[in-house]
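One structure, pasted below without further comment.
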Amino acid sequence: MNFDSYTLTKIAKNDKYTTYDLFFGPNHPGMNGNFGYVLDMVGTEINNVRINAGQLHRGFEKLMERRGWVQNLTLVPRICVMDPDPNEVTYCMAVEKIMNVEIPERAKYLRTITLEMSRLTSLLISIGGAGASLGLYTIMHWTMADRDKVLDMFEWLTGGRVYHIYNIPGGVRRDTPKGFLEKLYETMEYLESRLPDYDSLLFENPIIHKRLKGLGPVTKEEARKTGLSGPNLRASGNALDIRKDAPYAAYSELEFDIITQEEGDAFARALQMRLEYEQAIDLIKQAIKKMPEGDVHANLGNLGMLKVNPGEAYAKVESSKGEFGYYIVSKGEKKPYRVSVRGPSLPAGFLWATKHLPKMKIDDVAVWMGTFGICAPDFDK
Amino acid sequence: MALGEKSISSPLSAIKNLFKKPVTVRYPNEELEVYSEKGVSERFRGVHSNDMAKCIGCGSCERICPVNAIVMTLPEGSEDTRKQYRPKIDYGRCCFCAFCVDVCPTVSLKMSKEYDFTSAAPMKLRDGEEVKFVMDEFNYLPTDKYDDNPGYVTGKKKKVLG
Amino acid sequence: MNITELLKDLNSRGLEAEKICDGEIKVIANKDNFITHLHYLQSINYEHLANINGVDYIDENEFEVVYQIYSYTDKIHIIFKVRIPREKPVIQSIVDLWEQAQFYEREVHEFYGIHFEGNKDLSPLFLEDWMDLPPLRKDFDTERFSEIVMGSMRNGGKK
Amino acid sequence: MQIINYADEERRQEDNRKLWDKVTAYFRSRSLWMLHYCTGCGAMELPPIMTSRWDIERFGIVPMATPRQADILLLTGYASTNTMKRIIRTYEQMPEPKWVIAFGSCTVNGGMYWDSYNTVNNVGEYIPIDITIAGCMPRPEAILDTMVKLMNMVKSGDAKAFQKYKDNYGYYKANQDKLFARTAPVLESASLKYVHNETEGSEQ
């Protein structure tokens, strides 16, 4: 049966009023976060797109110039709400690079564990969100409930559910509580046991295949050149990962392969997230097994009055959405002179939106955003 | 199983979930049971509690506070010496980072497991009075009221800050 | 190309290149011909532009535009810096080299008031109806602004 | 356990509502629909309470996509100037009776963004707030507690902040204008601004 002659687009094209503006976000059920596109529509087809950003702009980079080195640690996790720990670690790594400090082995492993746990929480939102934006709310209910299991572990380790403020220049703030690692291992096994359910519901679902395959393709070269990073880059066939290229924390001591997909479309990106989720579980298990004993913090004197010697550094971390980079300039004062944040979502959220959205159907926008893992606060800052 | 080859009875597999323990925590009637005690974790960063006898009024917490939430104030009825000042915390600013707990030299400032801190201004207040009312209620001088329910506490040995 | 070869190569091209730490170098270029150097870097596989950001050196009365460039093959990160005078902050756009630069330049333009010649769309991205100094400049006092417009108050105490 | 007793004696006026009003208020309190609008980072705790772990539907609270069908507006955390504009617009679109919950410290006294040039310090100056909850961000339990309190307030007829918006509109409008309808730069330093000749047109 051919419905084409009845589509809104056809009707609209015959009508006088061919185009209209549709505000997709900030208040839209398909929009994740307080961010929006203004879509110039013909019927259900998108003609043109304008970006409506800035609803989450707080002026982080200005505020960080006004607070001390350690005090800034409370600000940085707020840059990405879904995935806060890469921000803390990147900021600490940049400070440690300028100060030329080596952190203790156990702190490295604890950082790895928090980073991977944070990746789990973020990927669970992304996977659930990708399902929910196609109307499959069951997967959202499952992933959010499982994400709370990871958040429970975070709360036990750090005291906060969402904002942990656990990493600090020189290591981490506290050692693990008694019985934590065993319980974390159990939680990881539980999460692994849930994977077949996710697969049968989402990734083996013929509807998902039909909706996602071929949506928003990115070729291998384009992905490298336009600044995409993380899962989006690897979903297009580039075997590139900061954890391998410039190892930080304890990643050089853990065994893992870079997962890639070839197609570069929305389904490949969603599948990439799912596979990286499994990899993160495996990495946490390895880190728990290899966890050494010892100090968790290198002595840097009174951290509250920390002064960082003049210099500059760029540190980067592979977060669940891609490369988080912090460029810090120090002038030897109690406060940083300049902190500049590179969020992973900007190339996808801005540049690829202007490339992909025109000629796309309105129903695909939400899931297109979901598979790219666009997180508004990290480019709004 | 390959795509689209599922058995016609596969929807029945949902029945197995009937016999599992529900994920839902029916909160007001039932509390979270994950940690050794019911409720929030043992390191939870909640509302502050301050041992007034132990506190020496040094002001370390005021200096480390990243958000200018802590102000050293003189509690009513105490003589005006430096040692008598106690931290007063503005929960309209506080970001619950627990740097003040980490930095406290006498381990008097702690965080408790209390998290429910709400305020509703009376209806008759208007012209910005209701905003001031809420701000005043959120300005709280921590006492040892919640000392029996400690959350995030840093012992003297484990110090990273300070 | 490893890091010493790269440093030698860049120095021979009249750039001030310096190693910061493993896998990271900083390069200071001239505002008149930095585009040719970026062209060259792109041709030797420095294909990832991670960020463009500004720094306000108010004491030296200069702005600095910093390009964060990375090579996936060499695994070297370059902090590529260009200084421009504060009075007339104009610099050439690199939209032709990297497409995403369009948005990074828009951001720098909004927060520092630096004009990028060749970028077609420099309209504000984040702030609506902004009439004051670009906010990330050092001479913009955010606390005073917040006090006047939003009525924020310092809670006593020194900072 | 609660620290501040929201229902202080002054709030408890004589209950002289008609029986019909009491019955409506009771049923209303059991079907509050909240607007699904993530204004700030506190919205990160909304998915857990909306989904199976904490399941806010037990209280009859359902996320709703459009302001026209919503009863509760949640201000989840800081509100930047741009968001505040949209919040006010959303709030004015909601039909009465409507209630506002401000959560997170940022809505009370600026929170950690108190000196930021783009965030509002006291949300209560721009729209009337029924109940405020501290925390950065508040736990799901705390949000559920607040919801129960709001339900009780709706039932007893205490939550009537939306009437204040009509009675006292001048005050709210003056504050909103101060924030949005600026016609001149605020700080004197704006005179230092360098405007490139060619961009002058496109910047406006």
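Note that the chains are named A, B, C and D in the order they appear, and that numbering of residues resets to 1 at the start of each chain.
Rule of thumb we're sticking to: contacts are C-beta pairs under 8 Å (C-beta built on N, C-alpha and C of every residue); 3 or more make two chains touch, one makes a residue touch a chain.
Please read these numbers as outputs of a predicted model, since none were measured by experiment.
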Please state whether A-B or B-D has more C-beta contact pairs across its interface. B-D
How many angstrom lie between the centres of chain A and chain D, each centre taken as the mean Cα position? 28
Please work out the Cα centroid separation of chain B and chain D, and write it as a whole number of Å. 22
How many angstrom between the C-alpha centroids of chain C and chain B? 40
Could you list which residues of chain A touch at least two other chains? 54, 57, 59, 62-63, 66, 74-75, 145, 163
Chain D: positions in contact with at least two other chains: 52-53, 82, 110, 112, 114-119, 122, 125, 136, 139
Counting only residues that touch at least 2 other chains, which ones in chain C make the list? 126-128, 135, 140, 142-143
So how do the chains connect up here, line, ring, star, complete, or something else (other)? complete
Interfacial residue positions of chain B with respect to chain C in the complex: 62, 68-72, 90, 93
Which residues of chain D touch chain A once you look at their complex with the stated criterion? 35-41, 43-45, 47-48, 50-53, 65, 67, 78, 80, 82-83, 86, 90, 112-113, 115-119, 136-137, 139
Contacts from chain C onto chain A in the complex sit at residues 20-21, 23-24, 26, 47-51, 53, 55-56, 66, 68, 72, 75, 77, 79, 98-100, 102-104, 111, 125-128, 135-136, 140, 142-143
Chain B contacts chain D in the complex at 23-28, 32, 40, 47, 66-68, 90-96, 114-124, 126-128, 130-131, 134-135, 137-138, 140
Which residues of chain A touch chain C in their complex? 51, 53-54, 57, 59, 61-63, 66, 97, 100, 224-227, 229, 238, 240, 245-246, 311-314, 316, 323, 325, 327, 329, 337-338, 340, 342, 346-347, 350-351, 380
